[in-house]
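Just below sit the structures, each encoded as structure tokens.
Look at the two complexes coming up: chain A is in both, with chain B in one and chain C in the other.
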Partner chain A sequence: MNLQEHNVSDNNFEQCIKCTVCTVYCPVAAVNPDFPGPKQAGPDGERLRLKKNNFYDETLKYCLNCKRCEVACPSNVKIGDIIQAARIKYSEKKFKLRDFILANTDLVGTLSSPFAPVVNGVLGLRPTKAVLDSVLKIDHRRVFPKYAFGTFESWYKKNEAARQSSFPTQVSYFHGCYVNYNNPQLGKDLIKVMNALGVGVRLLDKEKCCGVALISNGFIEQAKKQAKMNIEAIRESVLAKNMPVIATSSTCAFTIRDEYPHLLSVDNADVREQVELATRYVYRLMARQGVKLKFKQNQKIRVAYHTPCHMEKLGWAYYSIELLKLIPNVELTVLDSQCCGIAGTYGFKKENYKTSQDIGESLFRQIEACDIDYVVTDCETCKWQIEMSTSKRCEHPISILAKALE
Partner chain B sequence: MMKQDTAKPFDVIIIGGGATGAGTARDCSRRGLRVLLVERFDISTGATGRNHGLLHSGARYAVTDQESAKECIKENMILRRIASHCVEETDGLFLTLPEDDIAYQAKFVEACSQAGIRAEIIDPKEALRLEPSANPSLVGAVRVPDGAVDPFRLTASNIMDAKEHGATILTYHEVTELLREQNRIVGVKVLDHRTKEVKSYYASVVVNAGGIWGHNIAKLAGITINMLPAKGALLIFGHRVNNIVLNRCRKPADADILVPGDTICLIGTTSSRVPFEEVDDMRVTPEEVDLLLREGEKLSPLLARTRILRAYAGVRPLVASDDDPSGRNVSRGIVLLDHAVRDGMEGFVTITGGKLMTYRLMAEWTTDLVCKKLNVSAKCDTAEEKLPGSRESGEEVGKKIISMPKTQRNATISRHGDLAEKLARNTTTLDNSLVCECEEVSVGEVKYALNELDVHNLVDLRRRTRVGMGTCQGELCACRAAGLMSSLHKYCTRRAKEDLASFLNERWKGMAPIAWGDTLRESEYMAWVYESVCGLTLSQKQE
Partner chain C sequence: MKFDTIIIGGGLAGLTCGISLQRHGQRCCIVSSGQSALHFSSGSFDLLNCLPDGKEVENPVEAVERLKLQAPEHPYVKLGKEKFEELAGSVVEFFSQAGVSVTGSACKNHFRITPMGTLKPTWLTLSEQVACEHGDRLPWKKVAIFNVTGFLDFYTQFIADEFHKLGTECVLREISFPALERLRKNPTEMRSVNIARVFDKRENVDELARVLKDGRGNCEAIAMPAIAGLARTDVLECLEREVGTRIALLPTLPPSVPGIRAQQQLRRAFEQAGGVYMLGDSVLRADMEGDRITKVYSYNHGNIPFVARDVVLATGSFFSQGLVALPGKVYEPVLGLDVEFVENRKEWYDMNVFAAQRYETFGVKTDNEFHGLLNGAALSNVYVAGAVLEGFDAIKQGCGAGVSILSALFVAEQILRK
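Showing the complex of A and B:
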């Protein structure tokens, strides 16, 4: 008898057995009743949309693409991907200047960075915020990340490029927009850590924004173009130069590894395993190969680790947490793994501000209850959200490690 | 048991709540007759609810049976107009595969045009563009005005119109005896399955519209109709693979029609003779499943990898010509028997044969005969007057229930047409919450069905609303629906539990023949939820 032995169709939603655990884990469904939740928006909705496209519901825009539903799913349904793909396919989106500005993180960064002191000052002004709020619908309560004066890339080329190429082992660093325009210090910290481990840090021949904000704001063609350029550069590094690619941003790493093939149909199978997170690379180097670091005998640092959603999806929070444990004098608390609510550009939008803050509420409370010096996390937007919504500073694990080094 | 003679006089009693019976009740009542319809279970439980739901263009019959083809295309056009909310205008493709004779295509198109069916030869590449799920190795394609029709909605809508015109509808009333005075049938004795009462009803004419069960009803009058039960098995897939009906361009054979119906698609059918003893409990065999998949994959290779939800089978009421007792000369056409002429039995008429597509025409012929017997001259208007639900466009109705969430609103309108407007009365938040998540059936819609659509149990509710017809097959919705029915005093808690168990068993019956992969996994999960977590004990009906 024919039992359809290969009955896993491309329509992965058919593997759903309606257990609904995805909706239980959805941070949005818990606070925003307008969002139908991942089960309904994903597998259930997909079936209806296949019947007729007028079953597409604009409320799918409330999905913050945290992928916690996919982590929870026991049937391996790509729920988050189904929702994002439906938005790409069915949404009758009108061009919005706001979304364009929020999505083009590298363009806006390039324009802002040379005028950083002015831009930072102006963005902090109440009249500016009022205009952004009323004209662009960027919520006035949102605190913007500060732009750095001069980019990481230009600093690197001027000061480090030559020295880094002298190391016997080298990696390529996908720094992302945040390090380049807002926080070059994290890039410098990474170089310090990697050099201490005897590894040189190079840049890709050409790096474009990973495109996560373009995807979530519906600029798919542009995202595809950038993805292809990045994968080309990554191939050059991995296949031609035998240098793996590491990133400090969990979202950049996740986007390149998973969103490129799933949402943009950009094939990365030949290099995917060679794109990873800095903390994972460092931890494995220390734990597996026994490479030792020299630490300062400084005073105790108390930190609490927050697991970003995309770290949860990658399954790599373990490496950051274990790496922190390897640092002497670090006292570590691991916070409950929950969404902070910002989800990249999502929380900047006026219509999402409340949802965003409601989602993060219990995380903020837990952080405030901790007696710590820093919150530590691998995601830059989580950092913005936590610093805006709590009294604590937030740092990347690599920066904590760099501080502890001699 | 109590014997009760009801005084209310009827002109006509119709036996059978399938499409034909419902259509006849509608036609008779619209022509001013006092109508009683009795049905032993729920409406559309027989062959009406167990077929493809294909709105035939007639193309399938064009080469072999011009008369049926002409009837089909005529009724097809009528149903698009009068039953728009039950019909989806998908069009159909007749595919010639490499193993088929391409010469048949010319003959087919010629026959279609003779029957008045638009049949347009299109380029295979164009066919694949229109329907990407079609077998890419096709060498020829003809486009015809096939479509999909929902038989449950269609029947319910006919019933509703009949009631609006004064008809009395009694479901769960089984005819146990035809009341006879000399050579005349004067009424029926029925057993009310719900109360166990036995009642008698009288009318000038009794119409036997019992489908294959009409054979036994005729026997009650001592009349033999040479019926041949022909089983047809089908498979339901979990979602729509195709949006255009796919057929094979060859002589009609097994498993060569793939129909997109509502959220799912169906492949069918097989055709095999079965003994009368089996018609009440059709089971799909492994051989039938194999055949359906094997042939189905030829229409659309995607079926090989698509989850199957259920397998089911119906029984066609084929009738052998009276002058051919061997049964070889079987007609698929409409058979209207005036037993006064045929058997010398006055006041008794049998309508059978035919097909879902021609239910309205069958009803028209039957009503014409009944009217002739009663000396009523009213003319048939069922081809012009729209059915309840089809009187206003979906967009207009949508505006009236704009407060409902979008997917729910669209789903409700697709099921109830303009009657969805009645849900606007439901204004509480609870009414907008979902009972059935797969098919987007709200509490409000369930309440409407319970209050206005003659629902007595969960299976009835499923036929009116699609509760339990989605991929979860009742896993999440059945208990919610049973709870609602209980709280609205449709039945007590004990009955609710029994009904829940029997509903789940009925769902399992359809899953058993194809229980592998994710369908099996899901049914195991369902059993775990109901049996192990909720402690529901399955009734003795479980095998």
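Showing the complex of A and C:
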């Protein structure tokens, strides 16, 4: 018997020196003792799982995939990846209608958007929530994001496509499900900001949901399929048309750049550096080419920036914060970087609701203590969580910039 | 990204240097590859406990000159006695302004209680921990030692045995109530930090106060593990007021709650002074022009470089991967600076694990102003601070924190003088 073959992992779990720093920064371990914590669930458990499958522990589903353990790890162990890869490899694949609905943001958005006023109304009703709670186990206390009447894509094709292709420099915009079905205004704001910098905004030939919710809900084959289609479209844009790809959602950008190769084994090495967040693209353009945005001399605006977990992992909050600082008369607070608790579809599930709200509690408290007009963040699900759990409005930095432009 | 100074490494040295520079009007960025060794801190900072010849040190300021002969490359020798005394004398005030309250003096070591209950010399101790005046006795005749039931990183019996040798009588008590019992569902992760979070809630502090009051008997002090709150800093104060007895927080095995609080507070002080702290990123390479580094590139920021007038390397020692050992060599992985080590690997270590280990003294070579050397020549805008430096044995000489703090303050002075 070759013992070595049972000891090989794609992940660098053997770099772990058991220092437990990851557990210190795990938002779930802090509030839910049912979760074994990142060290045990990640590198410690991996060692055992490699010996025998049945060391796999279903409580790994409590992991939010926030990656804060990886950010904290002094030995660069990919703890979050180890946990997610184990879930993909070992977890029981039982079909759950609830998870299917939550994971298929694309499909559900396509179905809801044409009937947005009705869907929004019905989803807000108490009886609907009671049914969703008891039948599907989607927590009744959760406030649903509103669907927009008509998608961003259809609006764009009708009103903007021709004008945007006349710009000398162009980028492709990965708008994501949220902008397409829930908040087309953010897409419009992005076009306004980019156009003000002399850059045209195009869409990819084909865009599918980035797949983050599919991954976290265990629909791996479908996630892979969508990832491959997205990477094809991104290649077409980057390599054939020489147009880099920008996103407004920190999670979409993170998923395409890092989760595709790490969790789905979809190679993106030839285009990865050309996929980034809008605020980073704008920062680089302004720093390198000295282009400037012209702002209104507006009244004082007070904002507090919240760093989403995947933004913390990307390390790019700096760009959004620096852009916000350019707005005249802005008063900016940077909130402590901590998880808001929602983690995409995680916080919608009945069994996670309490954990989700407990995790976010100290962030909500900090927000309520700030005298501000808006919380600003690059993540749509953080926005839902913050708007549901505090009295403050939450906006994307690009929308704040767009509002301040002349 | 333009800064005045970029600091690679966000532990004790990097933060000390950054806070000092920010206070003098600079704009700095700290890039830190994960959390620092402060997470394993005892809650005390050592300056100089022992000379390389084995002689114990009572007064570090007086002893420092003797290093010149015994360890000529020691960072303290590069500082010189006067600078050493001046910088060491400024640290209590420096930390206090940063919101970290410590007690101690560079002219007289005091004693800290170790997680095993023994006494060891040290320089500064966080105010919430115990600073003993003498090395052969405790300030109490009878102590009640409490531990949380199921908490495995605190050994009450060892501590009681050691306290007994020091002439202090001990009674052992347990702390158990529902909020703590809940943590026991996950025994492997029942760590200091998770327990400390329980005491961030007021009602649990009140409950703890009741348990301590009931169990202290006629003891003049209570000793318990340092698990008194992670986010809140007033737990000890509340407890002492409620219980009416002196409470000594003793260090636990890692992770260290007081160390984490110190790290978080120093980072907060740095950011409040306008500094930018980037966690979880690694510097990959640098552009050079002549004897200067002009740009620094990191993993997260790709083709957007950090541009700064000066660069400080404060990446720590082997643990933090500021130094990497291969079978035949030791190297500095970030900038590839010259590293002092001996060729013959057999001379790196002593088979007696308690003896001085020579690899502890390996580190980056610098000139007397702490400029890093590359191929034997000093880089004019690259400074080196902290555990990555050559010439000292932090464990045997008890000087790790002192080297980190003093070299960082000195480097900040050099940068500001330009």
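The rule we apply is simple: the second predicted complex is superposed on the first by the 395 of 406 C-alpha atoms of A that agree within 3 Å, B and C clash if a C-alpha of one lies under 4 Å from a C-alpha of the other, contacts with A are read in each partner's own complex, and residues count from 1 in each chain.
The rule is simple: contacts are C-beta pairs under 8 Å (C-beta built on N, C-alpha and C of every residue); 3 or more make two chains touch, one makes a residue touch a chain.
Owing to the predicted nature of the structure, the values given are computational and were not obtained by experimental measurement.
K.L.:
Taking the superposition as given, does A:Q40 touch the first partner, chain B, the second, chain C, both, or neither?
P.N.:
both
K.L.:
In the overlay, answer first, second, both or neither for which of chain B and chain C A:A29 touches.
P.N.:
In the superposition, A:A29 contacts chain C only.
K.L.:
Check the residue A:E14 against both partner chains and state whether it touches chain B (first), chain C (second), both, or neither.
P.N.:
Only chain B is touched by A:E14; chain C is not.
K.L.:
With both complexes overlaid on chain A, does A:V71 touch chain B (first), chain C (second), both or neither?
P.N.:
A:V71: touches chain C, not chain B.
K.L.:
Once the structures are superposed on A, label A:K51 by its partner contacts, choosing first (chain B), second (chain C), both or neither.
P.N.:
A:K51 sits against chain B, while chain C stays out of touch.
K.L.:
Identify the partner contact of A:E312: answer first if only chain B is touched, second if only chain C is, both if each is, neither if none is.
P.N.:
Only chain C is touched by A:E312; chain B is not.
K.L.:
Identify the overlap between the chain B-contacting and the chain C-contacting residues of chain A.
P.N.:
Shared contact residues on chain A: 17, 19-20, 36, 39-40, 44, 75.
K.L.:
Tell me, which parts of chain A touch chain C in their complex?
P.N.:
For chain A paired with chain C, touching residues are 17, 19-21, 23-25, 29-30, 33-37, 39-40, 44, 70-76, 273, 280, 283-284, 287, 312-316, 318, 334, 362.
K.L.:
Which residues of chain A touch chain B in the complex?
P.N.:
Residues 1-4, 6-11, 13-20, 36, 39-40, 44-48, 50-52, 54-55, 57-59, 75.
K.L.:
Over in the complex, which chain C residues touch chain A? Could you list them?
P.N.:
1, 33-37, 39-40, 182-186, 188-189, 191, 193-194, 197, 231, 254-255, 260, 271, 276, 278-282, 298, 300-304, 319-321
K.L.:
Touching residues of chain B toward chain A in the complex: what are they?
P.N.:
Checking each residue of chain B against chain A gives 238-240, 260, 262-263, 286, 289-290, 293-294, 302, 304-308, 405-407, 410-411, 414, 434, 437-438, 440, 470-472, 475-476, 516-518, 521-522, 525.
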